[in-house]
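Next come two complexes built around chain A: one with chain B, the other with chain C.
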Partner chain A sequence: MALDKEEMLELYRKMCLIREFEETVSKFFSQGQIPGFVHLYIGEEAVATGVCANLVKQDFIASTHRGHGHGIARGASINKMMAEIFGKVDGYCKGKGGSMHIADVELGFLGANGIVGAGLPLAAGAAFANKYLNNNGVSVCFFGDGASNRATFHEALNLASIWKLPVVFVNENNMYGISMSQERHQNITDIADRAVAYGIPGVSIDGNDVMAVYEATAEAVKRARAGAGPTLIECKTYRHHGHFEGDPTVYRSEDEVNQWKKKDPIPRFGARLLEMKIMTQDEIAAIADEVKREIEEAVAFAQRSPVPAVEELLTDVYCD
Partner chain B sequence: MPEMTYSQAINEALREEMRRDDKVFIMGEDVGIFGGCFGVTTGMIDEFGPERVLDTPISETAIMGSAVGAAAAGLRPVPEIMFMDFLAVCLDELVNQAAKMRYMFGGKAKVPLTLRTVLGAGLGAAAQHSQSLEAWICHVPGLKVVMPSTAADAKGLLKSAIRDDNPVVFLEHKMMYAMSGEVPDGDYTIPLGKAEIKRAGKDVTIVATSLMVHKALAAAETLAAEGIEAEVIDPRTLVPFDKETLFQSVEKTGRLVIVHEAVKTGGFGGEIAAMVAEECFDMLDAPIKRVAAPSTPIPFASNLESAFIPNEEKIIEAVKAIL
Partner chain C sequence: MSVGIIANPASGKDIRRLVAHATVFDNQEKVNLVRRILIGLQAVGVRNVWFMPDYFGFYDRALEVFTGENSLQMDTRLLDMRINADQEDSQRAATLMLEKGVRCILVLGGDGTNRVVAKGCGEIPLMPLSTGTNNVFPTMVEGTVAGLAAGLVATGAVERENALKRAKKFSIWVNGQERDIALIDAVVLTEQFVASRAIWDVEKIRQVLVTRSEPFHIGVAAIAGSLCRIGPEEAQGLNIVMNRAGEQPQIRVTAAVGPGLMQDVSIADYQTILPGQRIPIVETPCVIAVDGEREITLETEDEAEIELSMEGPWVVDFKQTLSQAVAKGLFRK
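Up next, the complex of A and B:
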């Protein structure tokens, strides 16, 4: 399914929105205005954007600790996301979740997750629900290269394969599990190779090419909706920042970071759109202005919002 | 009222809830064709088919995790973990996912699942198939914990658990599956958080859980022959806990013995003792006593296993020590 001009522009705009969101979070975090841990998606925007462009209402995504990009790509409110990250009552979780627990179940966003690899069986379960309800929905699980070493990966892929669940496992291989490089944490180069163990298709693609991500996901989603079961897509990508904000990144070289910055998915897709004459320099500038304004509004919304009332401590533990 | 076993009562509750609500389904190791490791789900696959009675691979993490995902996505899963000991294999899915989703998402998610699992010693199943680990679960806010001691309670509480919008851990004692009892007909439910006085008495309160309720009742009979009237209370659910029934009893008797099969250290008995000490210290006429297993892994040899499990004699001894 080829994308039209508007859809391609939207992919570009969405990646810019994620980037601007994350750079803004980085700025406020370094100023001490955001508590806790934040893990930023800068450099990986093409994955969430290309994947989520294939999803419809009844679909689910399960995300990770590095989840802001997934939420934005799925269409979550950036105001509520920003307010949540600031720990404010108008945030998605009333300030009770924070960066690692932003969720919008109504929107099919089953949440970021503070446990590496926890999303895999959750996504399999949501896919089971879609299949059980026969609503043609699919479920997507984002997870990192580090998570591919967890038992959840094996158990979820095995279960999804035998039950032919409509799920797409999207591995974001950013080459590091916290400080441990892929070559140190596993004895394979392509995580997609692991699909063989479950008798499902596995593809390894350039995760910094939003069109490649879009197309690989389109194929996997089509397969899932048709009842043919899960697919494992490995997207090779890179996080420009450390594992968390404040990570001294002693485990990787400046040179490596610079090499990857040359493959930055946003200018890369921008250049392609210019070349295809789908977008003009003026439009690039206009998109940059537009997302900047949107994020400024989100920050203003977050800053305006009060902190949760102390009584909130004791609510929402159980449903009534 | 028809008489049936604890196992049949659970089977009936599952069937009734599955007939009532097509979003309810069961999943677990060998629950389908095999009918469950203890036969509890026998015949269910014939009535509901493999779409709603799902045999899973030996993958506790996938069972628990996919149940959480399915529940968040709108179904009402009833996963089974074959032995409670195996919860150690999938605690993340229960403790960090199911229990916390509602709170950490600001009240905007529901995880209506009922985890059925099996606890208890007595079968010579040794250290990894016999533990009573309810205290672990009670320690995690967001989960409810149910421990029925009779067939009727098992049915009524399981039906309520399945209808509850929270994650509920439903603990069945393997030595009670064959016990029979009368079970009310029809749509019989028991609210979670309601204790039952299994035997009235005025001299001492014995709070006991699961299989220990029966040992406490036997001890109470023996004590009665000696003129000591023990009141036996079964909390039935540990979370939420019915403090009112317990406190009223302690007010009447002034004496409390707590009995559970779990090891004493860190056991839920400590929590019950603390509740009473904090809130009704003035009502007590004697120190609180706990009868629990010693803090050891569960041994295999029959004589050692018998020595591990709290029994009638130990309960009587504890009662007499504070009279």
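Up next, the complex of A and C:
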């Protein structure tokens, strides 16, 4: 499991890249330059980063409406993601899908998804395909606490457990389904408890600790590749922003938000790397500059790209 | 005469369900356990029970069945404290219970939960109930029985000297300051992160110190248990230094380092340790795990020592307590 210095720095850099991307999207959304809805991943970066660091080429991920972090962690093009969010033709969906439809199947990124819980059967299906093709690939499904109440969750876990599919179900329990607190939408506090109903292991971990996420996923992926079947990992985490940009968040207190901000995964991991002398303050500053530049270039790319022509409205709706 | 209940909603869900075959112990079962405890407490005359508040809400959930003719004849209350959903909740709750004059605390959790409670409970005896299989300090005891035993101690029906045993503990000294304690074991790991907290890879273990060593122990303490026997009340512990990779082992043992997880371990040396003796740790940088959980990160320049003490928490010996109660005729009508 031991990571070398470069790998640890890459985890840190990736989390910073997601954070910078999301803060930039937030800024341009507030200026009215981004159409549609955006759901930001700020505060949850450790989950996608720690999970995807365990994946290889033949693996798949299925994402959620809050999917930017998953795409970036999987290695999607920042330029194409930003262009898509800006609604431009050089985006992943030629600017016609927006934030919630970014996908890169070549990369094993089965896409963000506007339907809560819809990624679960997709991930189970991709895992079935990997098993059928006998290519040793696994699939990962990210989903929220609200999605764990959907039928798709129960169907996917049931089939995955019966067929021992190589899939890791990664629950991002950020304590709210839209504005509904977990205590009001389920009679349990640990979604990992649901694993036992399907005869699979379920573990609950600190989702704001990138190394805890990395370790748990490493074991779950190892188990999946060995043919032992699925695992449910519950990552306790928190989104710093509202459910969507513009959400007034009247359903949670400022004190609660501030308490969680103290557990922010990025400074937390950065501080540990400094303590270990794995990273220096100069390297932190260099990473901050590098990701800022990368995101600025993505914004410039998106802004240069044209909006889709009106004649394109009905193209790409169905596959030929 | 009041009793406290500290139930850890996070116990029984860590990564050992994935890397070993540890028990799954969901919170609803802990609710049932608390209900049984309350009935046991009431049966022996306990009239006040303080609960630690927690994010799952054991207090409300456990009490919701005690209505109408099933109502409890006791005063139950939640401590007035902020919940942070971390291990410090249990320590703060124990300290508040000490301030409230609680006479016994029932602890639902594992070695780690009891360690944290022990940091705050002072001289209040603990009645530890295991909520999993990976524990040494708490025992698997039926809730009603635990409630009876704790109640007999709290009411004074069975005298402390006939009911309690004092556990040992380790003090972990870092750069001259006492940083933490352990009740069962302190393990030096060639890790640099606390991460998912558990220990399962013996290749990363450099040193193991145990306060007790029995052949029936589970977890890292089982390594000591496979070498020699040191009872929970004997005034000694054990210090084991592992082989580095490539070194010729003095001793090789096989041990149940987790539930359903047998591993071969190469040992360079081991010796008994005495109370008051400070044992230096053999390697930095490292992570020290206390009672099965990675907890303390040390850098190269840090110095740490581990000291055995006979002054750990008082623990209810439930078998002896109940036997004393029977001998006194306390259950006769």
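We take it that the second predicted complex is superposed on the first by the 317 of 320 C-alpha atoms of A that agree within 3 Å, B and C clash if a C-alpha of one lies under 4 Å from a C-alpha of the other, contacts with A are read in each partner's own complex, and residues count from 1 in each chain.
Everything that follows uses one rule, which is that a contact is a pair of C-beta atoms (placed from the backbone, for glycine too) under 8 Å apart; a residue touches a chain by one contact, two chains touch by 3 or more.
In this text, all values refer to a predicted model and were calculated from it rather than measured experimentally.
J.: Specify the outcome, clash or fit, for chain B and chain C once both structures are aligned onto chain A.
T.: Taken together on chain A, chain C would fit alongside chain B, as the superposition shows.
J.: Tell me which partner A:265 touches in the superposition: chain B (first), chain C (second), both or neither.
T.: A:265 sits against neither chain B nor chain C.
J.: Looking only at contacts as defined up top, I'd like to know whether chain B or chain C touches more of chain A.
T.: Counted on chain A, the partner with more touching residues turns out to be B.
J.: Give one of first, second, both or neither to describe whether A:158 is in contact with chain B, with chain C, with both, or with none.
T.: A:158: touches chain B, not chain C.
J.: Can you pull out the angle centred on chain A between the C-alpha centres of chain B and chain C, to the nearest 10°?
T.: Reported to the nearest 10, the angle reads 120 degrees.
J.: May I ask you to decide whether A:188 touches chain B, chain C, both, or neither, giving the answer as first, second, both or neither?
T.: second
J.: Touching A:242, do we find chain B (first), chain C (second), both, or neither?
T.: After superposing on A, A:242 lies clear of both chain B and chain C.
J.: So, does A:67 touch the first partner chain B, the second partner chain C, both, or neither?
T.: In the superposition, A:67 touches no partner, neither chain B nor chain C.
J.: Between chain B (first) and chain C (second), which, if any, makes contact with A:275: first, second, both or neither?
T.: second
J.: Counting only touches as set out at the top, which of chain B and chain C does A:203 meet: first, second, both, neither?
T.: second
J.: Once the two complexes are aligned on their shared chain, state how close chain B comes to chain C by Cα atoms, in whole Å.
T.: 25
J.: Residue overlap on chain A between the chain B contact set and the chain C contact set?
T.: Common interface on chain A, chain B vs chain C: nothing in common.
J.: Which residues of chain B touch chain A in the complex?
T.: Against chain A, chain B makes touches at 25, 51, 54, 56-57, 59, 61-62, 64-75, 77, 92-93, 96-97, 101-110, 112, 141-142, 144, 164-166.
J.: List the residues on chain A that touch chain B in their complex, please.
T.: For chain A paired with chain B, touching residues are 60, 62, 91-97, 101, 103-106, 110-111, 113-115, 118, 120-130, 132-133, 139, 151-152, 155-156, 158-159, 162-163, 315-319.
J.: Taking the touch rule as given, give the residues of chain C at its contact with chain A in the complex, in rising order.
T.: The contact residues of chain C facing chain A are 9-10, 13-15, 17-19, 24, 26-28, 55-57, 84, 192-197, 201, 285, 297, 299.
J.: If you look only at chain A, which of its residues touch chain C in the complex?
T.: Residue positions touching the partner: 1, 183, 188-190, 192-193, 195-196, 201-206, 209, 211-212, 214-216, 219-220, 223, 231, 234, 259, 272, 275-277.
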